[in-house]
Amino acid sequence: MADMVETTASGERSATAQSIRIGFLLAGLAALAVAPLFLYPVFLMKLLCFALFACAFNLLIGYTGLLSFGHAAFFGGAAYFTAHAVKEWHLTPELGILVGVLGAALLGLVIGFFAIRRQGIYFAMITLALAQMFYFFCLQAEFTKGEDGIQGVPRGHFLGLLDLSTSTNMYYFTLAVFLVGLLVIWRFVNSPFGMILKSIRENEQRAVSLGYSVQYYKLGAFVMSAALAGLAGGTKALVFQFATLTDVTWQMSGEVILMTLLGGIGTLIGPVFGAGLVVTLQHYLATSDFPVTIVTGVVFMACVLLFRRGLVGEFYASRLGRRLGFAYRR
Amino acid sequence: MTFAVPESRKEPRTVLSARGLSMSFGAFSAVRNVDLDVHHARVHALIGPNGAGKTTVFNLLTKFLTPTGGTITFMGTDITRLPPDRVARMGLVRSFQISAVFPHLTVLDNVRVALQRPNGLATQFWRPLSALDSLNERADRLIAAVGLSEARNAMAADLSYGRKRVLEIATTLALDPKVLLLDEPMAGMGGEDVAVVAGIIRNVARDRAVLMVEHNLKVVADICDHVTVLQRGEILAEGDYRTVSEDPRVRAAYMGTEEA
Amino acid sequence: MTTIFGIPLAAFLGQLLIGLINGSFYAMLSLGLAVIFGLLRVINFAHGAQYMLGAFVALLLLQYLGVDYWLALAIAPLVVGLFGALVERTMLSRLYDLDPLYGLLFTFGLALTIEGTFRYLYGAAGQPYSVPPALSGGTNLGFMFLPNYRGWVVAVSLVTCLGTWLLIEKTKLGAYLRAATENTVLVQAFGINVPLLLTLTYGFGAALAAFAGVLAAPIYQVSPLMGTNLIIVVFAVVVVGGMGSILGAIVTGYMLGIAEGLTKVFYPEASNIVIFVIMAIVLLLRPAGLFGKDA
Amino acid sequence: DVSDGVVKIGILNDQSGVYANFGGKYSYEAAKMAVEDFGGKVLDAPVEVITADHQNKPDIASNIARQWYDTEQVDSIMELTTSSVALAVQAISREKKKIDIVTGAATTELTGAQCSPYGFHWAYDTYSLAVGTGGALVKEGGDSWFFLTADYAFGYSLEENTAEFVKANGGTVTGAVRHPLATTDYSSFLLQAQSSGAKVIGLANAGLDTSNSIKQAAEFGIVAGGQRLAALLFTLAEVHGLGLEAAQGLTLTEGFYWNRTPETVEFGKRFFERTGAMPNMVHAGTYSSVLQYLKAIEKAGTDETEAVAKALHEMPVNDIFAENGKVGANGRMIHDMYLMEVKKPGESDVAWDYYKVLATIPGDQAFIDPAKSGCDLAAQ
Amino acid sequence: MGALLQVADLHAWYGESHVLHGVDMTVGEGETITILGRNGVGKTTTLRTIMGIIRARKGEIRFAGRDMLSVPLHRTAHAGIGFVPEERGIFASLTVEENLTLPPVVADGGMPLEEIYDLFPNLLERRASQGTKLSGGEQQMLAMARILRTGVRLLILDEPTEGLAPVIVQRIGEVLQKLKARGMTILLVEQNFRFASRIADRFYLMEHGRMVADFPVAELPDRMTTLNKVLGV
């Protein structure tokens, strides 16, 4: 969606292409609105949570070129925070999620503070290591209940009115969170601030010499991405009614990378498709004979080797995609 | 002995000055005890043999390096310990010896990025990108001034070397700096571009200070008001181009038999 | 009895020695990682998997062909090195022109695939591999009982590390490799077959990991997961040492092994985060790492 | 009668992760054996067993559980390795009014604060392991203990429970050292344990952590030096992985051993033919749980949850796994546990013959009294 | 004088953008050729394509009678071509001396190390320091120097005087004269017209990816007006 509006300064956009893109958008929204009639709602909610998580992650890699290998800390951390807030402090769901988001943002601030001191792969390794520290913290901390996890988290009533314990209500609540999250990302990326992020990715030294405090911009993007990952994680805790260690492991950080890569780094909706594919794959493989890790690994390698732009990115870059006025730039 | 100097002929005011500037890399001392004054409305050339320490002086002045000795004053403020982005925001802006553009942004966006900060459009993450359209007019003027208008929407990466340099100058000018530091702005440029850029520099120096490193002596002779010659990290000679170019030590160390 | 921080000197020395032993593995693994990173600009996430492969090849050689430890010490690295070279030639080499992040992601996928396959075939539980008879038993050092095998590990790792360092920093071949890292095309234009060099390098790095794996087999359980968690610690070691610095990787490997060993005595709960804490501190004070040149 | 004409049992566990050997695919095999042994039909309806790999992720497990219950007419879910998964699925089962029988997870929470009227815990739990190893071993002379504890809740509760029984039986605890989860090198900790002089070193950890500590203990000559190792959660599958050379002399508690009675031997052999491995308590427990569930349906005359749960609570358990087992009001199946010692390589004459049974711990001592379990269902 | 390098109808692409549109050029044995042209006409691209760095190419390149199109990049140097790139390509992880001795010697007749140090004393002084710690000009010297060692027959230089102090430019001029005298064939791109006119035997003028003119140094005075119009020299 962002990519639709983003379409280049050179963009002579034909009216038909524009309307086709809006058509896509509306079709997508409509599909999401009626999806629970056809697909299993909890599965859909899970998908939406992971999709938002992947989009938040993409905000960082796709638009500032920073590969975080520790995003599970924000996602899983927020799940714990929200679960704890709702279960132990009896907060309403929206406040619980807020606690999750703020917690993730704070965590992002701390991890980001260290990580942005280095770039590229160094950055990836540092985030990985720090997130691993957070994992150990969660493992040992009292409130996370160790390997049992925080279980039986009540979903409560949204704004005290809407009962979220039914699947349908919870689905539309999750959908709303997802859309808001996506909207925030879209605005963030296509803003003057986003432009500076892009230029930092392109040539950091030059950005400094133009007077930009590069570190603050990076930290800003990092915290934003962490907060949105937290939004996804907090919501997930309510959907599943538990928060466990799985979501803070580094394998989870790897999974979100896979989702983003598969869907298309740097495209707004790519990660949504990527997440959909990975979640479906895992779900499907759970009942098949074939081990998930091997499939995940092979998909990863294939993606990197054969279609780096990801599903959506490849589509944008294809002849049809370009004719529709999309642009894939990385 | 002092004479009353008429207002118009007064020494233009000093905007940037360094005293006793020194820099060593380990045991190697690249800049030694350099005093330098850069004046408003003047083009000041820093020349000297390769490895004399010119780029290092630039790095020191713009705080990309922290001097091991000496002080730097900019518009009356001691900036010796400030970080580079702060200094840039104060109006001390540089270009790089190796060309520095944002390769995957268009020419227009390159210039607009530079314009964003001084126009307060840098940190707004809640506004649409179209907020930047207000910068187009100024950006286009700058682009036209360096002759890149027809490449306005091209990716910077696709420009030839020379045109990247010109683009870099345009982005630098966009910051409307008080002092402009140009490291070999003409290097790798074709003759026609050299003339264009020389004109631009002359022009912008009317209301700001310019300090440039340049090996093209013709350019130095044509547009520079003041020349400092550096050798082995120390000042060898100083004055206008004619004085300096007649100095036998300068000829031996730097110019050879070359005429501008 | 003399004590240090309330710990008997003898026990303290014992723990120091044990730290050194662990440090040997860190050093060898981070060395391989540093070599591959330094020359190929690839963070080899599959390093842990290759370490595991080394141990597994040794185990399978024993189980199916009756090949003993000593021969395995030579064969396993060779096999894994060849495998690495093959992977590099057919796949990894296509990624050099891209952002180095793709190399990281590719090897991450490779690691998952390798580990997944072994888990599928052999299960996640560990399998035993015995200490070779010549090195079984131990020596009483007075302050501790040192299993002979562990003493051997320390010695071998020191020699390996030193040899690799000399090879890369002091030989012409090393100079080619270092130059190729920065500008492959130009080095090729000078007449050097860079693709071949890079293939050999990756193979060498993988072999180094496998070598460490064989050394580890008699100490730890041979399990498909043995490399997974180790690799993250080794990443931290490499960051502390300064990415790409070969010497840094070696020295930091031993140092952090010792630091971790001592933490196990004084504050055991923190022993697996101590390396990360040190990493954070180092990043604050020296972002480029202890031995890193600024990027 | 049987709703929708078929009884469907789901075996949900880890089949590719760290616990894949602990239960894994073999548990599915055990469940199928139970159905076959029962005759393949109950109340004239066919019995079907399906399985899925939850990959140790509670969200995947809970998605599958919901889908099984909602769209695939699954009647009960069993095995459920890993406590986070077991608790999550038990919560869903309770909400959906379906039966779940846990054999793979250890947490006492399942029949404690988070118990369910339709939830059952079959094979073992942390408490019973502690009673077995902690209590019985002291009687065997191991009266001073030093703990090597994994630094997280599971480790603490094992240590705590065990220490209690050690003290209750007149033993002492001389110290403990906590090691981080998934440590690779235990030599530091082992040296501390060695110098403590305690007679027993209790390993309050699990899986690879335990294997590695045992292997390295052998390397440092700890058992040879006269100290005894006691693993608090370790099964036949892991002993097999470790090999007798390293594992000899180890003490542990299990709820099942194949080479104990003629019936278990017969079962073990049949299991071995199908899988190539002898069963541990998770496999045998899963067999038992499926069998008992089918018996309960037969007795209730329906597969309706309330009725089956009632039958399960009432019926004694008598099969190759349990003799005179009974189910408490909290859902805990109470049966005997066994304290084992791992044989020396020379003592083992048949393949997979690894254990000497040192003691039998009667069920009433091995498990928490339901009334004191913290489960509100049992309190009334 | 036979043609050492023969280029005919050479096309080259960067991705999808077609940059060279049929370059024709001949370099005789022992000749010094300078390619002139405005920024961006494809001079660098021509050199890189001849070198084999740009592989998306079509047409004919013959060096010493041998078809170079199928020769892999790492064999080009061994055929006897040395290349000094525009961006110099000094290696940061190597010392100055390691940089200098990096390219393998491909044939006899290269310059010995001492002679090189005589020529560029800066390099001798800084030889143990990191390559990229040299100043811009020193790096340019190093880039030239390391090729002189290798004994190639054809030297390809992309703007060798860029960023150099006039004295050094003069010195490089002298070096090139010396090499010429020894029979070295040189192909260079140069913006510094004065320098170029001093050493070249013949010029090519390039526009829009093609050679549009070709004339010997003797014709230079007659051509000045046109050149002035095209190049602004």
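Here the chain labels run A, B, C, D and E in written order, and each chain numbers its own residues starting at 1.
Note that contacts are C-beta pairs under 8 Å (C-beta built on N, C-alpha and C of every residue); 3 or more make two chains touch, one makes a residue touch a chain.
None of these values were measured; they are calculated from a predicted model.
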Please state, in steps, how far chain E lies from chain D along the shortest route of touching chains.
2
For chain C, which other chain has the most distant CA centre?
B
Most distant chain from chain E by Cα centroid:
D
If you average the CA atoms of chain C and of chain E, how many Å lie between those two points?
44
Averaged-CA centre spacing for the pair chain E and chain A, given as whole angstrom
50
CA centroid of chain A to CA centroid of chain D, Å
38
Give me the residues of chain C that touch two or more other chains.
116, 119-120, 269, 272-273
Where in chain A do residues touch two or more of the other chains?
136, 140, 291-293
Chains touching one another, given as label pairs in label order:
A-B, A-C, A-D, B-E, C-D, C-E
So, in the complex, the side of chain D touching chain C is made of residues 16-22, 24, 151, 177-185, 187-189, 191-192, 195, 207-208, 211-212, 215-216, 219-221, 237-238, 241-243, 245-246
With touch defined as at the start, can you tell me which chain A residues reach chain B in the complex?
5-6, 8-10, 187-188, 190-196, 198-199, 202-203, 205-214, 220, 224, 329-330
Would you pull the chain E residues touching chain B in the complex into a rising list?
17, 37-40, 44, 86-87, 122, 126, 129, 133-138, 140-141, 159, 162-170, 191, 193, 231-233
Along chain C, where are the residues that touch chain D in the complex?
11, 14-15, 18-19, 21-22, 116, 119-120, 123-128, 130-131, 138, 144-145, 147, 149-150, 219-221, 223, 225-226, 229-230, 261, 264-265, 268-269, 271-273
For the complex, give me every residue of chain E touching chain C.
51-53, 73-78, 83, 85, 89, 91-94, 98-99, 101-104, 106, 130, 150
